[in-house]
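Below are structures written as C-alpha cells.
Next, two complexes with chain A in common: one pairs it with chain B, the other with chain C.
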Partner chain A sequence: MVAPSILGLSFVIVYPLVMNITMSFQNVKLTQPDMRGWVGLANYSHLFADPVFRTAIANTLIWTLLGVVLQLAVALPIAFLLNAEFAGRGFYRGALLIPWVMPSVVAAFTWVWMYDGSFGILNYILTKLHLIRDPVVWLGNPNTSLYAVLVEQVWKGFPFPMVMLLAALQAVPKDMYEAAEVDGANKMQRIMRITIPQILPALALCTVFITIWTFNSFENIWLMTEGGPLNSSETMTTFVYHNAFQSFDLGMGSSSAMVMFAMLLVVIICYARYVSKQEER
Partner chain B sequence: MQRRRVRKSLVMNLVMLAIVFVIDFPFLWMLFTSLKGTGETMTIPPTFLPAKVSWDGFRKVMDLNFLKYFANSFYIAVITTGASLLFGIMAGIGFSRYKFRGSKGFKIGILVTQLFPLILLVSPYYLLMSKLGLLNSHASLMLTYCAFTLPFCVWMLTTYFATVPVDMEESAMIDGSTKLGAYIRITVPMAAPGIAATAIFAFVLAWNEFVFANTFIDTPNLRTLPIGLRTFMGQYSTEWNVLMAASVMTTLPVVLMFIFLQKYFIRGMTSGSIKG
Partner chain C sequence: MRKIVALLAITTMTMSIAACGTDSKSTDSKGTGKDTAAPANKPAASTGGNAKQELTIWVYDYLAKDNNSSLVKAKEKFEQANPNIKVTFQPTVYGTTSYRDKFVAQTAGGQGPDVMISDVVWVPQLAAMGSILPLGDQAKAVVDQFYEGPLQTVTYNGKLYGLPWEASPMAIYYNKNAFKAAGLDPDKPPKTWDELHDAAKKLTTGGKFGFAYMGGWGGSFDWLPFLWQSGGELIDKDGKKALFNSPEAISSINYLFGIVKEKLIPPAALTWKSWDELNAAFGAGLVGMYQSGAWSLDSLKKANLNFDWGVFPSPAGKQQATVLGGMDWVIGKNTKYPDAAYKWIEFITNKENMSVLSDFSRISARKDNKEQAIFKDPQMKVFVESIAFAKARPALTAWSDIDYKVLQPAFLKIVLKDADVKQTMDEAVTQANEILSKN
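Our next item is the complex of A and B:
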C-alpha cells in the first residue's frame, strides 16, 4: 500500500540527486551525445572561473535576503490588521490571497505588462506621482531588472507568511492579554511581552519556508527577464537552466545545481532537525 | 461603546479596502486590459477602466489554438489529481492504520520534497524521459507531476485518516461489511475535507506548472496552457488585450475553485503545500 509513495519519494529526491552528482563530474552535452565521459572536476573549475556564475551567486544572495525581509515586512502588519475584530475581515483575507492564487505564468506576464516601457501603467502612475520624470524600462534596464522581478516575487509570496502569522496571532490565548491588562501592562508591553513571543515559533517556521522558496524561485525570473539584460537578473536557478537547456550542457548545469544545493542543504538540515524534534514531543 | 465599535469597523474597512486595492491591482489590471480593444491598450495616458468594452481579445484568443492548450492542461491536471488521490488514499489509510518502521523518516522526507529545488530535477528527468521514450508526450508530464504530488498527498491524507476513529470501521465490519467496504463507506467520506484539500493541491500544481512542460514538450499541439500563453507573447510587440484575455481564462478555474473551496485552499496553504 505504501510502496507507490515511497517510490515517488525516491523519484523526487534520491534519483535526481544521484544523477546530478554523477553528471556534475561528467561531460554531458545534448548536442554531442557520444562524447559522454568522466571529466573529474573540470565542470566545477569552469564554473568558478565564470564571472557570470559569481554574478549569479551575488544576485541570489541579494534576491533571497531582500525578498524574505520584504515578504515578512508586508505580511506581518497586514496579519496584525486582519487579527483585529471588525465586520468583513473574512472578505479581505480572501481578497489578499489573490496573488497567491494567480497562476505564476499569468502573474509574471501581468507584471511584464505593468512594467512596459511605453504603455505600462506603472510608469504612468509613478510619473503622475512625480517619483520619476521619464518612463523607465524596468525589466530592460540592468540597474532595475533584478529588483523589478523581486517586487513581483514579494507580491506573489507574501500571502503565505500572512496566513501563517494570522493563524498564529489568532491562537494566542485571550486570557493572557486580559491577565496582563489587569496587571497594568499597556498596549506596547502586551505586544512585546505576549504577542511577539507567542508567534515566534510560527514566524521562524514560515521564515524557513519562504527563505527556501525564494532561493529556489525560477519561473518568474525566467518569464520576466530570462536572467537578463546582461545577466543583471541572473540567479543560480536561471544559470542552471541556461547551461542545461540553452547551451545543452547538462554537466555544467548539474555542477552549478550542486553548488546551489550545497548552499540550501544547511537550511534543509536545520529544518529537518527541527521537525524531528517536534515529532518526538 | 456601540458607536465606537461602528467607527472602528468603518476605519478598518477603509484601511483594508485601500490595501486590497493596491495588492489586487495587478489582478484588476489584467481583467480590465482583457476587455479593451487593441487600440485602447496603446493610449497615453492609459485608461483604467475600459472606455468601451471589447471582446476582441477573447475572440482572438479562440483563433490562437487556446482551446487546445486549455484542453491539454485540463486533461493532464485531471489525470494527475485522480492518480494522486487514488494512491494517496491507499497509502494514507495504510500509514494511519498500521505502524511502520521508518515512518518518521518518511514524513521528514516528504517535508523535504516541499523544499527541494525544482531546478535540480529538470535535467535528470529530461534524461530519464528521453530514455523511456516519453519526451514530447503528456505522459511525461503526468508522471512528473504525480511524483511531486504523491508524497505530499500521502502525508496530508495520513493526518486526516488518523482523525477518523478506528471504532467506526470496526462496528461497520461487525455489521457485515468487509474491511475494504468499511474503508470506502466510512473512512474515506469522513476524511472528505482532507481529500478536497489534497485534490486542489494536485490540480493546481499540474495546472500551473511551467518548467517541465516547457522543457519536455516540443509539438505545438501538445502544449499546456502556461506554455501556450508564452507563445502569445510576441517577439517584438505583444497584443496585450489578447494575452490578458488568455490569462483571465487561465486564472478562471483556479479562482473559481478558490472562491468555492476557500477553506480547503487555506488548509492546504498553511500545511505548506499549495505554492503560489
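Our next item is the complex of A and C:
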C-alpha cells in the first residue's frame, strides 16, 4: 500500500537530497564542465568566509523571526475579532483571505508599484501628510529594502494563521466558558486559562508552518528586490539562487542549500519535541 | 503512531522545500553525463532520411507574437523550401533569469531547444559551458558577410558558435518639447560631455528629470559607453587584467554617477531594471533624455507620445563610443539535427531575411544592411551610424560574474553609500582580477 508513495517520495525527495549533499562536496560549475571533482569541505569554507553569505544568514534570521512574530501578531487579534459576533462577519472572514489567495507575482508587483519612487501611492500619502519631504525609494535603499519586502510578506502571509486560529477558537467548547463564569473567572482569566491553552496546539502548528514558509520565501524577495541593493535584502534563498543559477556554481549553491536545510531542521526538531510532549500527556 | 506520521509529514514538507532549489540541479548532473532522455524522445527520427526533422526554436516572445509576425512568415517560407524540416517556435520572455538561465538548466538536463536567439553577451558563457555547439566548416563561407563587432560576439576561443543577426548600438533618446521648454535647441542636441551634463541640468526642473539609467543593475550597462568615450578599457587584450580603475575609467564613473548624485535622474531609477521602465518614464515625460538602443524605438512609436522626440548619437568624451547589444543565433547542444539547425540559422541571417529585422525596427548585423528599408527613418539612421563606433563587451566567460559581482555592487556603493570612487574601483579591480585568474 505504501510502496508506491515511498517510491515516489524517494524520487522527488531522497534522490535530490542525496544529489545535493554530494554536490555540496564537489566543484560543479556549469561554466567549467571539465573541472568537476571532489573538493572536500572547500565549498563550505568558501561559504563561511563569504561576507555576503553572513549577510544572508543575518537577514534570514531577521526576516524569519520578525516575519513570524508580525504575521502572528496581526493574525491573532483579527482571529479574536472574527470570532466575536457582529454584522457582516462572513464578509470580513472572506475579504481578509484575499491576500492569501492572490497569486504571489500579482501581490509582489502590486507592492512594487505602491513602493515606487516616482508614482507610488505610499510616497504620495506620506508626502501629503508631510511625514517625508522627498519620495523614498523603499526598495532601492539598502536601509529599507528588507523591511519593505517583509511588510509584503506579512500582508501576504497573515490570513493563513488567522484562519487556523479562528478555527481553533471556534472549536473551544462554549460550556467551558460558562462553567468558568459560574466559578467566577473574569474575562482575562478566561482567556488565559481556557482560550490560550485550547488553541495552543493550533498556534504551535501555525508557527511551525509559517516559520518554514517565511524562511523559504523566495518569489516576493526575488520579484521585488532580487536580494538587492547591495545584498541588503539577500536571504538564504536568494543567495542559493544567485550562486546556483546566476553564477552557475552548483557546488556552492548546494552547500548553501545544505546550510538552509540544517537551519530548518532546528525548527522541525523543536516541533517534534513539542508534539511528543503533547502526546505524553 | 500519530507522532511518527506527524513527524514524517513535516519532515517531508521541509525537505521538499529545502530541496526544491536542488531539483533542477540534480537533473543536470545526470545530463552532463549522458543524454538519458534521448532514446525515448521521438524515435521516429531515426527510422529514415525522409522522416520529419523537428526543430524547436526559442525566440524572444515579442518576435513571434502572432502569425503576422515577419519572423513567423520567414519560418513558413523556410518550411516550404525544406519540406522535411518542421520548425516550432517557443516564444520565451527575454531576460537573464527567464531566458538564459532557463536554457542552461534545460540543456544541462538533456533537453532544451535545438536553436535559439541569444543575447550577444551570453554567447561566450554558453560556449564555455558547452551548452551550445560550435558551427562546422560550412559557416566559414558566410562569415565575411557580417560586421566585425557582431562577429566577435559569436566567437569564443577562436571558434564560431553561432551567426550574428542583429546589431544594436545605444544612442540617446530625447524629448524635443522638454528641450524647447528648457531653452535648449532640439535641433542641436548635446555633442560633448559638458553639453550633455548641462542639458541634463536644465531639464531637471519641477519634478522632471534630465537623465535616467537602469539603477537596479547599478548602471553598469549605461556606463559602458561613457567608459569607452573616456578612452578607458574594461579588461586588457589577454583577458587577464581588469582596467576599470584607470584615470580615464574613473573620470567616466565620476561623470555618469555625478549626474546621478546631483539628482538629475529620478530617485525611482535606483530600482529600474528593465527597458520597459525606462521607456515608460520617458513616455510619461518624467525624464528628458535616456540611453537605449533601437529596441526602444518600436514601443515608443506604438505609444503615440504626445510630444516630439528624437535620437542623438552618444556624445564624445575623448572620443565617440557606444556599446553594442544585439542578438545572435546559436545551436543547442542537445539537438538531434545539427544540420537542419544550421540550415535555419543560415537562412534567417541571410540577405533576403534582413526585412524580418526591419519590421521590428532593428538593424541587421550584415555588412549589406544599408539595403534595409528602415534606413530612411531619421531616428534609425542615428543607430545605423553609431555602429561605426560601437564596441562589444568582452567575450569572456567571466564577464557576467564581473558585471554582477564586482561592477554593479561597486557602482551601487558609490551611489547609495557615497563610497570613495577611486578606492571602490581599486577594490573592484582586485576582485575582478581574482575572478579572471580562475577562468
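Methods note: the second predicted complex is superposed on the first by the 259 of 281 C-alpha atoms of A that agree within 3 Å, B and C clash if a C-alpha of one lies under 4 Å from a C-alpha of the other, contacts with A are read in each partner's own complex, and residues count from 1 in each chain.
Note that a contact is a pair of C-beta atoms (placed from the backbone, for glycine too) under 8 Å apart; a residue touches a chain by one contact, two chains touch by 3 or more.
In this text, all values refer to a predicted model and were calculated from it rather than measured experimentally.
Placing chain B and chain C on a common chain A by superposition gives a clash between them.
Once chain A of one complex is fitted onto chain A of the other, the partner contacts of A:230 are limited to chain C, with no touch recorded for chain B. Within the superposed three-chain model, A:257 lies in touch with chain B and with chain C [touch as defined at top]. In the superposed model, A:248 lies in contact with chain C only, and not with chain B.
For chain A, the partner that touches more of its residues is B, with chain B and chain C as the two candidates. By the touch criterion defined above, A:117 reaches chain C but does not reach chain B. After overlaying the two complexes on the shared chain, residue contacts for A:141 are found with chain C alone; chain B is out of touch. In the superposed model, A:99 lies in contact with chain B only, and not with chain C. By the touch criterion stated above, A:31 is placed in contact with chain C alone, chain B being left untouched.
Of the candidate stretches 168-176, 222-230, 258-266 or 276-284 in chain C, only 276-284 runs into chain B once the two complexes are overlaid on chain A. In the three-chain superposition model, chain A touches both chain B and chain C at residues 9, 12-13, 15-17, 19-20, 23, 112, 116, 118-119, 212, 216, 237, 240-241, 244-245, 250, 253-254, 257, 260-261, 264, 267-268, 271-272, 275-276, 279. Listed in rising order, the residues of chain C touching chain A in the complex are 2-3, 6-7, 10-19, 21-23, 25-26, 28-29, 32, 96-97, 101, 104-105, 108, 125, 128-131, 215-216, 218, 266-271, 273, 281, 286, 397, 400-401, 404-405, 409, 412-413, 416-417, 439. Contacts from chain A toward chain B in the complex involve residues 1-2, 4-6, 8-9, 11-13, 15-17, 19-20, 23, 78, 81-82, 84, 86-89, 92, 94-107, 109-114, 116, 118-119, 121, 124, 155-157, 159-160, 163-164, 167, 209, 212-213, 215-216, 218-219, 222-223, 237, 240-241, 244-245, 250, 253-254, 257, 260-261, 264, 267-268, 271-272, 275-276, 279.
Residues of chain A touching chain C in their complex: 9, 12-13, 15-17, 19-20, 23, 28, 30-33, 36, 112, 116-120, 134-135, 137, 139-142, 208, 212, 216, 225-226, 228-231, 237, 240-241, 244-248, 250, 253-254, 257, 260-261, 264-265, 267-268, 271-272, 275-276, 279.
Residues of chain B touching chain A in their complex: 8-9, 12-13, 15-16, 19-20, 23-24, 26-27, 29-30, 33, 41-46, 48, 87-88, 90-91, 93-95, 100, 104, 106-113, 115-128, 146-148, 150-151, 153-154, 207-208, 210-211, 215, 225-226, 229-230, 233, 238, 240, 243-244, 247, 250-251, 254-255, 258-259, 262, 265-266, 269-270, 272, 274-276.
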